[in-house]
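After this come two complexes, each holding chain A, first together with chain B and then together with chain C.
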Partner chain A sequence: MNFKHKFVFLFPGLFVLIGILIFPIIFTIRLSFSGWNSYTPEMNFIGITNYIRLFTDDPRFWESFFRLSFLSVTTVILQYIIGFSLALMVWRDIKFKRFFRVMFLIPMMTTPVIMTVIWRTFFHESLGPVNDLLGAFGVGPKWLSDPATAKITVIIVEVWQWTPFMFLLLLAGLLSLPKEPFLAAAIDGASAFRKFVFVTFPLMAPISIGAIIIRLIEASKIMDTVFVLTSGGPGTATETSSFYIYIKGLREFQMGYAATLSFTYLVIMIISLTIIAKVLTKLMIKE
Partner chain B sequence: MKTIKTCVTALISALLVFSPVAYADKWSDQFPHIKATGDIPGECSYESMSKKDYSGKTLKINTHAVPVMGEPTALHAEQFAKLTGAKVDVTHTPAGDLYAKAMVPFQAGQAPYDIVFGFSNFINDWKRYLEPVPKKYTEMRQMKDVTKSHIGVASWDGVMYQFPVDGDRHYLKYRKDVIDNPKYQKKYKADTGKELRVPRTWKEYGEIASYFNGWDWDGDGEPEYGSAEVMKKDDLMYAAFFSRSVAYSKNPRTPGGFFFDLDTMKPLINNPGFVEALTDWVEATKYVPPGGINFGLGDEIGSFGGGQTLFSFSWDDALIAAMQDDSPIKNKVAAAPLPGADRVWNRMTNRWENQYNQAPYIVWGWAVGVANKSKVKEMAFDYLCFFANDANHQADLAIGRFGVNPFKKSDFDPNIYIDTMGWDPEIAKSYTDTLLEMEEKSKNRVFPLRVPGVFEFTSAVATGTSKALAGQLSPQEALDEVAKEWEAILNRVGKDNVKAAYAVGVAMEDNKL
Partner chain C sequence: MYKFYIFLKYSFVALWTMFVVAPFLWALSTSFKDFQSVNSKVTYIPWIDYQPSLEGWKVLIKSPAKGGVDIVEPYFNSIFVTCTASVISIFLGTLAAYALSRFTFKAGFVRNNDITFFFISQRIMPPIVLSIPFFIFLSTIGLLDSLIGLVVVYIVLLMPIAVWIMVDFFNRVPKELDETALIDGCNPYQAFYKVVLPNSIPGLIVAGMFCIIFGWIDFFFAFILTFTEVQLLPVKVVALNSSVTPWWSLSASALVSVAPLIIVAFIVERYLSKGNLSGALK
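Right after this comes the complex of A and B.
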């Protein structure tokens, strides 16, 4: 039997896949070997010059990468803890359950850039309402102008914005759990804490890993919050990899070098996330 | 008979005398934006444009987001469309993306926009894709009114690529009601032993700003602060740093480069003059409002314009905001030249010269050009000429949020601000005298860096100086890092390429162009 005609049906899908996924990656790789910038407006070939520059003469990229790692891991851990707590809360039969479910999702439904502008106004140290309130207690943190506090501010905004996503996934997971293990635990007289540790948490592990990985992927692209809130400052205190790549590519118009940074970053992220997924699986899922 | 003759003569005289008013009213009735002046005759006036017919043609413009420059672009586009029958499509783009949004299609050989707005320091990268302004426009009366400085800013080696629509420079803005207040002058003298006056040097600026920092000196129940400055990383902060540097590093006795030594192309950014300026700037973090280290231009305008600080220095916007009718500090502020320094670095002798030095910084400015691949170049230049005609320009000047600032010699007449904007005559005079001195009289001016890879150079300055402001590095370490980065950029771009372009800017600074 001749099944060649099946390729005709596959072709449109493959074409779209190549167009929107494969081509941009191949183009980025090719661009990363060029010196395209504002004064060399062409896709020339300069070999691995950009890669040599990245690995030998660009500590700022690596600093921004480690800063990003800190910010994304911290925010995702906090989002997981808070999101799981909220999901557990509305999983039970409590009053106004539906109201809380919708309310907890609101931050995720807002536009990140707009919300960050609002947060920036809140945290404005001389005109914002947060320090106005704290001023009554004689406190006035430097939310955006101190290198350490600025990181915390970025974390607060990110956690506020994206915890609902974690909450949504984990609540869906909780609602899909089988009832039998919980009945068995209840018959055995297990306390709420033991039920959580030995039943809920292990059953939720696969979903938790998925949610954490999805959020890590998203958090590793953090850009709009940093852009609006601090512009990477003070100094370089909140500069992340994606913001640094944006500066090199679209502010300084070093397109070739920005492609090198992007591709290297993509490779690092694929490797890191694969390792993280394996480690999480080993830690959280007991055979 | 004599009575009739007298009446006829009076009637004719009245018609002649009042005809410009009648003529002006005809257009200001249709276009209320120019109601203060009516149409002003000229090559690109409302009357002249109404005689053009661009029906069936489309003009595409990429401009800044509203309101700054974006709002006047859209307003004048609508007026131009009504007058000429053209269709005008206006795209608004955030400031940070203006360069790339035009540059990517330019480099790909396309012209999705007939007119592109940007900043004057884009000129070196953009000029090969822009149509030089035709002689018809460069020789018209409207253009002859543009100051020599801004003809220079819009031109490259004598060829004009950018049509002047705005003029910018940094200068000092201060609270006149405090500095000129006898009560505060007496108190300051008693407390410090010094005179309270408009600061002549950056050190004096720092002393006065520190004194007036953190207490309620205007009696509004809120504390006020010393100075509002653009310190947020990458948000034009490099321009603020250069404003503080010119007094220490632009030595009129050492021509041949402010940013680099033109002969050797050695970066001068870490010489003691720049380090002194950065040291002052780090000190300034103590007298800005809380969070002032994170102030962008909008914050600076809001802070000084809203009456929060004693001083500010940057473009006109903060002063215009303070002088708008709804401002609580209208007619309580004034303009003055940027402070100077009691000593200036001599890079040839490698020694400080202990004498007073001051240098104006003619920085940036909105710029606009016509793509050389545009198919409607004539219409595009007519639009730009109409945008900057005298009636539109005077009306635009009065609206702070438009971001249109003086660049014509006629703008330096204080009566414009007194009659049409209700400014106090003394303040209007301080404003026009300050601008005129910088634009037309000073021989020690500094212009923005306009070389290939300019954004790499300025980005390195922003990164280095912001590290110093945040306390991550000392001023010397920060500027050494910038100098090292500048060397790397020079090697990438090519020293000769940068040198050739930089020579054009140096010729302007050395008063040879």
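Right after this comes the complex of A and C.
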């Protein structure tokens, strides 16, 4: 095929994306070497002072990063297990198949922040239905004001919101699997359990990896839920990296330092996601 | 044993369904309450537990001057921004995806996969990282607090999704299709437009739905980049989430805001059941 046509197809999209992003990215990197804050709102050059501060004198950022890792890994594992189970259950014969499929898809169509506003009333400690029903058993967890339980609340809301996405990707994968391996397994008289372990799961491995990586990318941006549900609180118990950068940048107006955080965060994320992708591929696809 | 398994399966599915609908039912019930029935004790069923009132829904159509919540304008803003950005992203993303699926690119160590990864990797960036520079960028060119500014930002958000879905989809459209068209005397653009595109409609619909979902549910960019002139729906609803706002109008406006996209769940399910999605999402 002619050489130049391929560029006509690729370049509009590529250049629009680069054109929109080039300024923000260069600006962030430049800003990270400046001391822009509300007292000196100017693009001065202070060298790597911000980076030194981040690596030697900011445990709060690293704590928020580990919290983010914990939250996103936990939610994605839960979403994978639940999503895969749900997908397997409505994959073949079940009554009301289409009804259940629609039901399982609905949460991902709803706006996270708006649903979180509802969840906030749902988990309200004295006027919400959860504690009212649990009250019958004599327990009333402090869903939003206790550091440990607040994390669980965030995880519950995230799992509700995003399991459907995992479910959708995995069900689409299941429906595209070839029939022959299952026939062969049936002829060999394999049990349902063995069929899953030796046929379904290996066939689904590449799709699973793709789905997990995509969900990890999205989960690492967890922000909307935290923002509305707990505002990072109580204390800093549910503060994630994004939220910490938000506080530094747009509440305390330490723009320069926030840019340093952003840039460092991006580098860490890209490296760790690449590693996770490699490790998962090794673990799940056995020759 | 088998019966037990069936029982387990249905209970699991039913339990999850209950979990899915619980917040909606709670919001629906709350939206018909008034001060008394929210603040005295937890109530669930209208007429039995409390006397329903339409107050929560009435504020939605009242003008802001009379203490109403004006969500009509944010509604149309959200629709406009989501649809415009989706159409542009799909258009550019489909072209790029076609190129990445059919031709070989080579520039230094950069190969097709790297370019595809570049597109998709834009999703790694949390909104907060981009929103500070975008804030300054848009205010420099005078597009802060405007619909056009938001559309520009949303293209970054949505084009990766379009490219991701369409590359996989085109990879499953047989290459012979374009080759036959070329032999029959089409030029590459005609081959794409007249032969490949009509065969990619399921993929386009899936990509379109995903763009609409992820555009519609975004909150953070709209929150940072707009103030008074332009307000999108999520920002408007969350702004209600102060201590002053009664739960009933909050619930009513939340339900109204999430309702339209629930239709998308039905469309997605239809494509899923017909097997069209399998190629598009893998």
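The definition used in the following text is that the second predicted complex is superposed on the first by the 270 of 287 C-alpha atoms of A that agree within 3 Å, B and C clash if a C-alpha of one lies under 4 Å from a C-alpha of the other, contacts with A are read in each partner's own complex, and residues count from 1 in each chain.
Simple rule for what comes next: a residue touches a chain if its C-beta (ideal position, glycine included) is under 8 Å from a C-beta of that chain, and two chains touch if they have at least 3 such contacts.
Computed from a predicted model, the values in this text were never measured in an experiment.
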Scan A:168 for contacts with chain B and chain C and give back first, second, both or neither. second
Considering only touches as defined above, state whether A:14 meets chain B (first), chain C (second), both or neither. second
Would you sort A:236 into first (chain B), second (chain C), both or neither based on which partner it touches? first
Could you look at A:266 and tell me whether it touches chain B, chain C, both or neither (first, second, both, neither)? second
Which of the two, chain B or chain C, is in touch with more residues of chain A? C
Does the superposition put A:38 against chain B (first), chain C (second), both, or neither? first
Under the stated touch criterion, which partner chain does A:144 make contact with: chain B (first), chain C (second), both, or neither? first
Contacts for A:125 in the overlay, against chain B (first) and chain C (second): which applies, first, second, both or neither? first
For A:252, using the defined touch cut-off, is the partner it touches chain B, chain C, both, or neither? Pick first, second, both or neither. first
Considering only the touch criterion stated at the top, classify A:57 as touching first (chain B), second (chain C), both, or neither. first
Using the superposition on A, tell me which residues of chain A are in contact with chain B and, in the other complex, with chain C. 127-128, 250
Name, in rising order, each residue of chain B that touches chain A in their complex. 96-97, 99-100, 103, 106-107, 125, 225, 232-235, 289-294, 296, 302-303, 308, 452-453, 455-456, 459, 463, 466-473, 488, 493, 497
Which positions of chain C touch chain A when the two form their complex? 5, 9-10, 12-13, 16-17, 19-23, 26-27, 30, 38-39, 41-42, 44, 92-93, 95-96, 98-100, 102-103, 105, 115, 119, 121-130, 132-134, 136-137, 152-153, 155-156, 159, 163, 182, 188-189, 192, 213, 216-217, 219-220, 224, 233-234, 237-238, 240-241, 247, 250-251, 254, 257-258, 261-262, 264-266, 268-269, 272-273, 275, 277-282
Counting only contacts in the complex, chain A reaches chain C at residues 1-2, 5-10, 12-14, 16-17, 20-21, 23-25, 27-28, 31, 82, 85-86, 89-90, 94, 98, 100-115, 117-122, 127-129, 132, 160, 168-169, 171-173, 175-176, 192, 207, 210, 217-218, 220-221, 223-224, 227-228, 241-243, 245-246, 249-250, 255, 258-259, 262, 265-266, 269-270, 273
If we count contacts the way the header does, which residues on chain A are in touch with chain B in the complex? 37-39, 41-42, 57, 60, 124-128, 131, 140, 142-145, 147, 230-237, 247, 250-254
